[in-house]
Amino acid sequence: MADTLTSAAAQHAESAAHAARLDHVSKAFGRPGAQQLVLDDITLDVRPGEFVCLLGASGCGKSTLLNLVAGLDKPSAGSITTPGGRPALMFQEHALFPWLTAGKNIELTLRMRGMPREQRRPEAERLLSLVRLGGAYGKRVHELSGGMRQRVALARALAQDSQLLLMDEPFAALDAITRDVLHDELTRIWSETDLSVLFVTHNVREAVRLAQRVVLLSSRPGRINREWSIDIPQPRRIEDAAVADLSVEITEELRGEIRRHGQH
Amino acid sequence: MADTLTSAAAQHAESAAHAARLDHVSKAFGRPGAQQLVLDDITLDVRPGEFVCLLGASGCGKSTLLNLVAGLDKPSAGSITTPGGRPALMFQEHALFPWLTAGKNIELTLRMRGMPREQRRPEAERLLSLVRLGGAYGKRVHELSGGMRQRVALARALAQDSQLLLMDEPFAALDAITRDVLHDELTRIWSETDLSVLFVTHNVREAVRLAQRVVLLSSRPGRINREWSIDIPQPRRIEDAAVADLSVEITEELRGEIRRHGQH
Amino acid sequence: GYGSDNKSDGSNSSAPATSTGATTAKLSADEVKIGYFPNLTHATALVGLKEGFFQQELGSTKIKPATFNAGPAEIEALNAGSIDIGWIGPSPAINGYTKSGGSNLKIISGSASGGVKLVVNPAKIKTLADVKGKKIATPQLGNTQDVALLNWIKTQGWKVDAQSGKGDVSVVRTDNKITPDAYKNGSIDGAWVPEPTASKLVAEGAKVLLDESSLWPNKQFVITNVIVSQKFLSAHPDVVEAVLRGSVKTDAWIKANSDKAKADANAQLEQLTQKALPAKVLDPAWASIQVTDDPLAATAKTEAEHAVSAGLLKAPKLDGIYDLTLLNKVLKAQGQPTVDAAGLGTQ
Amino acid sequence: MASTETSGAQDAAPLGKSPADAPAQEQPDRHDLSGLEAGLDALDAVVVKRTPVGQVLVKKVLPPISAIVLVLVVWQLAVWAKLADQTKLPSPSAVGQELVDRWNAGDLFSIIWTSVSHGLLGFAAALVIGTPLGLVVARVPFVRAAIGPILSGLQSLPSVAWVPAAVIWLGLNNSTMYAVILLGAVPSIANGLVAGIDQVPPLYLRAGRTIGATGLRGAWFILLPAALPGYVAGLKQGWAFSWRSLMAAELIASSPDLGVGLGRYLENMREGSDMAGVFLGILLILFVGIAIDLLIFSPLERWVLRSRGLTAGSQ
Amino acid sequence: MASTETSGAQDAAPLGKSPADAPAQEQPDRHDLSGLEAGLDALDAVVVKRTPVGQVLVKKVLPPISAIVLVLVVWQLAVWAKLADQTKLPSPSAVGQELVDRWNAGDLFSIIWTSVSHGLLGFAAALVIGTPLGLVVARVPFVRAAIGPILSGLQSLPSVAWVPAAVIWLGLNNSTMYAVILLGAVPSIANGLVAGIDQVPPLYLRAGRTIGATGLRGAWFILLPAALPGYVAGLKQGWAFSWRSLMAAELIASSPDLGVGLGRYLENMREGSDMAGVFLGILLILFVGIAIDLLIFSPLERWVLRSRGLTAGSQ
């Protein structure tokens, strides 16, 4: 115990050095005796203000990793610290509260953040129009289309105004155009603030379009396979040749990784 | 009434000519007096054995259209016929039954189809390995990752063995490689049988990769904006130049369509 | 026949006799809580309250009445201090007394005798001997009527397991409210029950086979008596005495004005329960109940012995259950004969 | 052949966005009540959400009224057919006469009001106690293991069992009445809330935690609203328990302080073997139960379900 | 600073896939029972799923036992402090003596069994009747409008109200008993199912329809399993209703045919003003209620919730 406390204190001291630190993190599911190791010995730092994209095959443990960083699950081994406070998490399923309207979902987050009542409604409407849902304030969750739900969830995550934003395939249900617009918005917000982002996606181009660093996870168990630092200058476009080229390289690596797993 | 019956009989007679026919279909949501028109005067035929992709901005009414064709909702005006019997529908949310395992979800569909008990288990396992989930037979829905759920839902839709397959963004949560593999599988199944497919996607390249015909919907209300017949010969690859070129054209059209809507 | 006389009789003859002194002096309690059943066997309470005899004696002390459906509830209320004085059957009184180790209550007066009959289905039972093998209802395991039936069965030389009711006669314990329904349905062939249930069964076509009073010396046995909480008795003997004066006066008035009293009782029933008894039930029931100041302690003692021999009661310690000193004081003051505690208390 | 058609295909006016020119929607009522199977599917398919007043009358008011009329007719027929004599089965008119008598006696409303006011007050108190209790039992594992089963045990303890204890400890007054109601209703409400909370998808709780709704704020803003459908179902059962407990409590004793309520009235009629009165008592209790359901719980339930899109046909 | 750490970081053996060498998982128990807030969050954070036998004992058996011991201690203290005399509050030993007496008399088990067998049989019958009834009420709008409110009304009708009618029509025998149980339990079970069905996300029904599970097949394969959590909650309440109705029925009539059950025993003790016996009766009824909950409903509930990932911490 004393040992852990000291190391925790040490980590705290260097808090400026990272927005999130995963230190030899493992995660297994299932009951003892029939456990399935999902994440194995992951060590990863997200620097303050950094934009990291996480890529990996379906089922490799990306969502599990985000849940661990958000503090929703506990690692089976290893430690995770997020010195900047509670990270905002945008779930893979939208996870909007069905008993509230789209606008009220956002306002609840603002309220939890401590924002005074009279500022909440304008702020919620600002965030909704940011995700191109200006008219959806009063809509119930079940009245929204799949992509609209995802955008409300994005607005809710932004409403939290955390220093670390965890996003689990936030744009998967969006058409190319809306996604491009939101890419721009996200890049703008990220570059204007000191926000750090850990971003899970399946779209390799999207990763290259957005990230400063792309991390590729292997499957079964999830390990860090390879990392790319991306120095293509912003503003990038998803159609840029440089983006396309790197995407092809990463896709090839992913393909090789999956091939090593046979079936997968 | 007599009128409708006659026209229904007439449609029945020419049943060979289409797998699904939408005839001046409109759909509005909300209570009378505060209705929102979502689909406006859609007329669309899916020919037997045809593969049609539906594109459109987020919230334009694609899921609503599929629900109408599946008979889950009634159009506010117009008529829909599917002479081949009940279509199989793969929902945008996976819609798996959480009280059953992945395998049992598929077996229930087989059972509803009338398959004898002893054939069900092998068939379910075959379908699961088709979607690259060989080992997931006994997993509960909440133990699957997002992409795995989507693949089980795909297997379930295939299990129904319908003549018409309606798919609502079936590959949105899959990594590029797994998606490519499933594209191949889907194309193979489609070309080997007389299956007709109505396929909703946001990925324009995916649409061009798969479809014989791409239909672009406009937003608010959803109307058929433009159609493309795609004669690039199969097997196509998503990286093919021809696919990329047509995708750029369609994306431009979509962009223009969205721009006309201002905010959207 | 002498209804008009009764009215003047009631208000003139008994009122001045005892109350002159009592009404003027203020009693030691501001309020006395009285419990009773809305039932003909509690005629003293019904009529006395209706005619105001108790209030006359109590003067400025207020009466707070409460009615109960069953003895145990009344004992519980007495234990809780929710009532001070109550009209109640001997069996719950004895049970309550023994179970508290003789610390909660005293029986201070009698109130009624008789009113219990064995009524049977004439189609099935013609003679006493026919009862063998039949189903006879009593209100409750171990209550007065149940003990009496079991004892009677024993005297006939038949055997019944007291707890389960199985044996030569099937003893069916059924709530009095249900007994007429069960009889109509044919689930029981007869019942050993108090009034007015007995008369209700008769109204349904049953026949009285036996009147329990015929089994007792002097054809008298206790069905209702008056209890008081010992705390109240020691704190406010003057109030208890006033209530007893009212009780004695009421009993005398009822004996003298039977028809008027019957109408009073029925009116009181209607007020308490929204329903008066029909004449064909009221008349025979009323006729078979006698009011009496005598607690008939000896019969209560015998009943308890019967219960013990049936195995329904562990040998009770009834010593001191009666405290008849106040009653005898009241009776003496009126020149009436005193009553006896049968060795079970002060008199 | 699976086919979904609408007759208004040709002649339906185009649906405009302006509310003013929105035409009446043509919804062919394909509702075939004859078959159970059809009925089981019916809710899925129908999209009608708000219907005009005439239809509301037809859909909401007609069915219960026809159910009542049907019962009355069968009842009267049974009486005419002399299936049983008056003492077993009073005629509707005898019961009606009893009602008129009560009305004339002027105590009909006081009888109903005595019970309803006790019942509602006791239920409100049970709500205030049962809700935090259920919350704690559902969320604190030790408490759940310790008193969860006891709570279920208490629920199955008949109210009459409490009466002696309540009378002894509290005396013959309203507190006894309320104690018995509380002992009946609190476990039921708490258990309903526990069941509701157990069914909350963990995703909502996790979403709540990430936005910082933890502890009591989490309970208030996330847990309770998420558990609302199950909670409301528990409330309904809790009301039934408190109402029945009240009826039991009214039977113990009556005194001028307590007043005559429906339970007491029913008991008096039973005591008097007055079948018409017993029937009237049953009908009045039933009437109150139905009225409370229609006025309080049904609207509450509908609101809860509709607002989260759980009414079939709304999606 | 939000930080999630595990002390076993360095020394935890690597987790292998083979069951044989899977080491005991190190889960620091951060459970702080002192604060309610901590408790409210506890279930979210803990991931322990199966615990060794020792821990099961600590988590499942210890809490109820300590609850019981606590009650006993307080009770005995109250007796020693002479808070009330014997007539109001018998000592635990007096109640224990009564239990020993019953045991020696040899009728303890027969008393319990009489009630439990009646109760379970009646409940089973109520299940068979209530389930299809609930299904029809939930899914056929006309039936729902017609008898839905009546069902809720019936639920709030006390069992005693039925007894005279049941005795007249059925006689003093087991059928009366069962009739009263059914009238108490059927509406409750049906209402529970209706509530459960109302909460089913329409998406499942739609998915069911597309795979061809319509009509009765849809009810059996989709509707019932989907509504199971709410249905089980309804069953629990239904059991409470049937058990309480049984007690009420036993209080009112007994005959040698029916045997002495717990309700009758309680009433006999009351009649004898035997407080120790009354307490024993209450405790036995409570004990049966708790046992039924622990043996039947708790495992059922746990299974239902766990299998669909609704136990917090399993996702």
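When the chains are written out, they are named A, B, C, D and E in that same order, and each has its own residue count from 1.
The working rule: a residue touches a chain if its C-beta (ideal position, glycine included) is under 8 Å from a C-beta of that chain, and two chains touch if they have at least 3 such contacts.
Given the structure is predicted, the values throughout are model-derived calculations rather than measurements.
Chains that touch both chain A and chain E: B, D. Counting only chains that touch, the fewest steps needed to get from chain B to chain C is 2.
Averaging C-alpha coordinates per chain and comparing to chain B, the farthest chain turns out to be C. Taking C-E and A-D together, the pair of chains sharing more C-beta contacts is C-E. Annotation: 29 Å between the Cα-based centres of chain A and chain B.
If you average the Cα atoms of chain D and of chain E, the two centres end up 20 Å apart. Each chain gets one centre point, the mean of its Cα atoms, and the points for chain B and chain E are 45 Å apart. Annotation for chain C: residues touching 2 or more other chains are 72, 76, 79-80, 177, 181, 184. Shared contact sites, meaning residues of chain B that touch two or more other chains, fall at 71-72, 86-87, 93, 143. Shown for chain E are the residues in touch with two or more other chains, namely 44, 87-88, 164, 168-169, 203, 206, 209, 251, 270, 275, 309, 314-315.
By the touch criterion stated above, chain A contacts chain D in their complex at residues 67, 70-72, 86-89, 91, 93, 95-100, 108-109, 111-113, 140-143, 156, 160. Residues of chain D touching chain E in their complex: 31, 33, 36-44, 59-60, 62-64, 66-67, 84, 88, 135-136, 139-150, 152-161, 164-165, 168-169, 188, 191-192, 195-196, 198-203, 205-206, 209, 214-216, 218-219, 223, 229-230, 232-234, 236-237, 239-241, 243-244, 247-248, 251, 263, 266-267, 270, 275, 278, 281-282, 285-290, 292-294, 297-298, 301, 305, 309-315.
Per the touch definition, chain E reaches chain B in the complex via residues 203-204, 206-207, 209-213, 217, 221-222, 225-226, 228, 304, 307-309, 314-315. Of all residues in chain C, only 70-72, 75-76, 79-80, 92, 95-96, 99-101, 103-104, 135, 140-143, 163-166, 170-175, 177-178, 181-182, 184-188, 313 touch chain E in the complex they form. On the side of chain D, the complex with chain C involves touching residues 87-88, 102, 105, 107, 163-164, 167-173, 251-256, 260, 265, 267-274, 277.
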